[in-house]
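Report on one structure; see the data block that follows.
Note that the chains are named A, B and C in the order they appear, and that numbering of residues resets to 1 at the start of each chain.
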Amino acid sequence: MTEPLLSLKNVTMKFGGVTALNDVSFDVKPQEILGLIGPNGAGKTTIFNVITGVYALTSGVISFEGQSLAGKKRYKITRSGIARTFQNIRLWGDMTSLENVMTATDTHKKSGLLSGLFGMPISRREEKRDKARAQELLDFIGIGEYSDRLAKNLPYGVQRRLEIARALGTEPKLLLLDEPAAGFNPAEKVELADTIRRIRDAGYTVLLIEHDMSLVMKVSDRVVVLDFGQKIADDLPKAIQEDPRVIEAYLGVPENAS
Amino acid sequence: MIGNFLDQFWSLTFGGLSLGFIYILIALGYTLVYGVLRMINFANSEIFMVGTFATVIVVRDVFKFTQSSEYATGLRLWFILATALVISMLVSGLLSLVVELVAYRRLRRRNSGILAPLISAIGVSMVLAESVRIMTDSRPVAAPRAMDKTFIGQFFDAGIRLDNTIIVIAALALFIALTTFINKTRMGKAIRAVSMNANAARLMGINIDGVISATFLIGGLMTGAAGFFYVLKYENTASSIGFELGIAAFTAAILGGIGNIKGAFFGGLALGLLETYASFFLGTQWKAVTVFIVLVLVLYTRPNGIFGESMTQSRV
Amino acid sequence: MINLRDKGAEIWEKSGRPARAAIVLASIAAVASLPFMGGTILNTPVASYESVLVNPVAMYVLMAIGLNIVIGKSGLLDLGYVAFFAIGAYTMGLLGTKTDLNTWEILPIGIAMSMFAGLILGVPALKLRGDYLAIITLGFGEIVRIVALNLGALGRSEGIQNIPTPPAIFGFEYAFDSHRIYFWTLLVFILLAIWMVRRLSARRAGRAWESIRQDEDVAELLGVPTFKYKIWAFVLGASVGGAAGVLYASKTLYIAPDNFTLQISILILACVVFGGMGNIWGVILGAVVLAYLPDRIRFLSEARLLVFGLVLVIMMNLRPDGLLPRKKREKAIVTKEKS
């Protein structure tokens, strides 16, 4: 029985009078692809936000590799191995694809401003190494030819994939993907599913928010379902698809109601 | 020192209160615009300054008062004061509208971020302040006293001056009128809706441009009134007072909670009193530093101000 | 102008190392020969051409490069930049008149003082966003001026007089009116500043600043230590301002609080905005134009600040990218692909 990579225990998130997350608990196992689904407003992106430190929990504990993330600065959380993409694409538009990813790979550099200024060998070495790594990631995701194009000029599909490449640049152990297939046509979705599997096979763990049911069910090892901030199911994809509570949450009415 | 202070406490306090109401009105200019646009209207300070000049022009050039004129009394006095007040309000209100149209509207449409409108606002401030400075030859302008600033009463040992009283009562009336407008009229409700959630307001069919223009207009009216009260109290003005009072009024708005009308009231009074007391102890040359210290303290201990919103929230 | 820029970028891209070195040296030589062109159309009617080259032109250029790090590259609106200039100048003034140290010895001290000021201002101020940072920095600038105005040790409104000029270097004498020497000295510092900025922009710092400017929240979530780099931007910007201040004081021999008003902060801001925020060449061009023209065209001289205010409003509304926009590298590359 392996230790979970990420563990949420009794996580509650309140904003003033609104309870966005209510006593949510689940684990993410190493090298699994966990799908996170639920109707709009169920709290899925909020889960990403509390994991990455955007919000401080009202109560509950989130542990990563056994250590609590409470009170940790956001960039430190990223450094410890969690990276994410964003529902509405948030690339640095005036920078090239390569620069976007290189900013992410800067996360683990030992050299900083001063060594860069004075041309210290360690800075030059790391810069060269990370530039190659960034290109490698772009190639891995399949957008290597766009490395010198400004992010704001890229086609939509390329931008979505750049978001993923950029997140991978931080050498995460856990990758949070927030609706990576939004706006994709079926062919692109198939490619994306393939990419996600390749990411997992390369050693990363993936937590995936998606609205496209077939994509989620095909790609995920397990699925967690949220509704109104609460976890209502946590199981294998097949079981989820037949779970009456899940069906009710999405459609409002159980299938065999009379 | 302390003994001296206690002796003068009430007269200092009355002076501080009337200054406080002047700050409230200018602070309203900042806070209302911040509420609908989430932006500091830098140019508000110069709109105040222009308002003061409008008052001087009315009293000195229209009604032809000079330093040696006789004081006006009775009905004539109220007529002169009312005219000066209304003209100042209108001038500032209209100027505020123009500023929005010229300096901010285009940037708002283009969604150009937070730096661009701020820089544009600074430019507008400069243009207004410099234009007036050139026209006045960089010299302060004296305003003739149109009325006898008698003491109309006593409170403990302090005399209550007529001008301070007029300021407090009139400004309070304006404030109440404003809050009534915001709470009871349709436009007022629209302004509140846009302050809370501009997108939702737009989807509900509210004309955002109209609301924003109205907000600038109303803010300008209040600020112009402050200009009138300032000249009434201090009998002079200069192209540089926009900056001096603007920072103080802005601090008042932050102290009370920017975007919050109640906050502007509280902050304005607090700052007026604070500044008056501080000037007594430290001398007037450290006034600006005192105000900045207050600003810094507020921003770091209670950035929401007493009633308002936070300025350090990130948006994800 | 756009075509010139891309043409220039193309030529640069296509040149090898020796060609590039030649271009750089030729440019520096051209600029260094500016003081000799006083008799031409460049002559200024109001003040002596050569003195104008030093102040305001070279001074504004240097300060604009510094402020550009803060505003242009990192997107932090600093309205109190004059504070660092003042701190550098007063350091020179005080130490120059009260100790035996000469300008070159005081220079590192002045720079250090400014950097320290940048740090103590930055640590609290940079926790705030946008507008509020602007107000706090504006306040800081004003406080520095008011303190200088009211402290006996700093000379109150009379300021500091008889500040010594720098000692001779390589046989060049620094008399009060040897404008050319001062110009070349400033040119050296400008080149140093350019080198520093370009060096940093190509590496981690540059990327960090860009990402902070464009989307700070996301930068933080992608591992950028945003606070640290914002502080760096402030401190480096301050160092340039401080250096300018030291040199300014040792040229004018006499400084007073009136020399360090909010207007100066806004002037430098106008240079950055006008020239093209983020683009170092744009910023230099903007500073040259805005510093030089009011002295060249007499009637502009009187209404200098008014013009700068108009520049700010007009630029923001019509051409927010400035004269020379940020890197349009893509255009140059696309043309290369096509050919």
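Everything that follows uses one rule, which is that a contact is a pair of C-beta atoms (placed from the backbone, for glycine too) under 8 Å apart; a residue touches a chain by one contact, two chains touch by 3 or more.
Because the structure is a prediction, the values reported are computed rather than measured.
Chain closest to the overall centre, judged by the mean of its C-alpha atoms against the mean of all protein C-alpha atoms: C. Farthest from subunit A, judged by the mean position of CA atoms in each chain, is B. Centre-to-centre spacing of subunit B and subunit C amounts to 35 Å, using the average Cα coordinate of each chain. The centroid of the Cα atoms in subunit A and the matching centroid in subunit C are 42 Å apart. Rounded to a whole number, the gap between the C-alpha centres of subunit A and subunit B is 48 angstrom. In subunit C, the residues that reach two or more other chains under the touch definition are 217-218, 220-221. The multi-chain contact residues of subunit B, meaning those touching 2 or more other chains, are 314, 316. Residue numbers of subunit A whose C-beta contacts span two or more other chains: 54. Listed in rising order, the residues of subunit C touching subunit B in the complex are 71, 75, 77, 79, 124, 127-132, 134-136, 138-140, 142-143, 146-147, 149-150, 216-218, 220-221, 262, 266, 269-270, 273, 302-303, 305-306, 308-314, 316-317, 320.
Those residues of subunit A that touch subunit C in the complex are listed here as 52, 54, 74-75, 78-79, 83-84, 86, 90, 92-96, 99, 102-104, 106-109, 111-113, 116-117, 119, 123, 127, 148-150, 153, 166-167, 169-170. Residues 196, 199-200, 203-205, 207-208, 210-211, 214-215, 217-226, 229, 232, 326-327, 329-330, 333 of subunit C are the ones touching subunit A in the complex.
Against subunit C, in their complex, subunit B makes its touches with residues 39-40, 102-103, 106-107, 112, 114-120, 122-127, 129-131, 134, 243, 247, 250, 285-286, 288-289, 292, 295-296, 299-300, 303, 311-312, 314-316.
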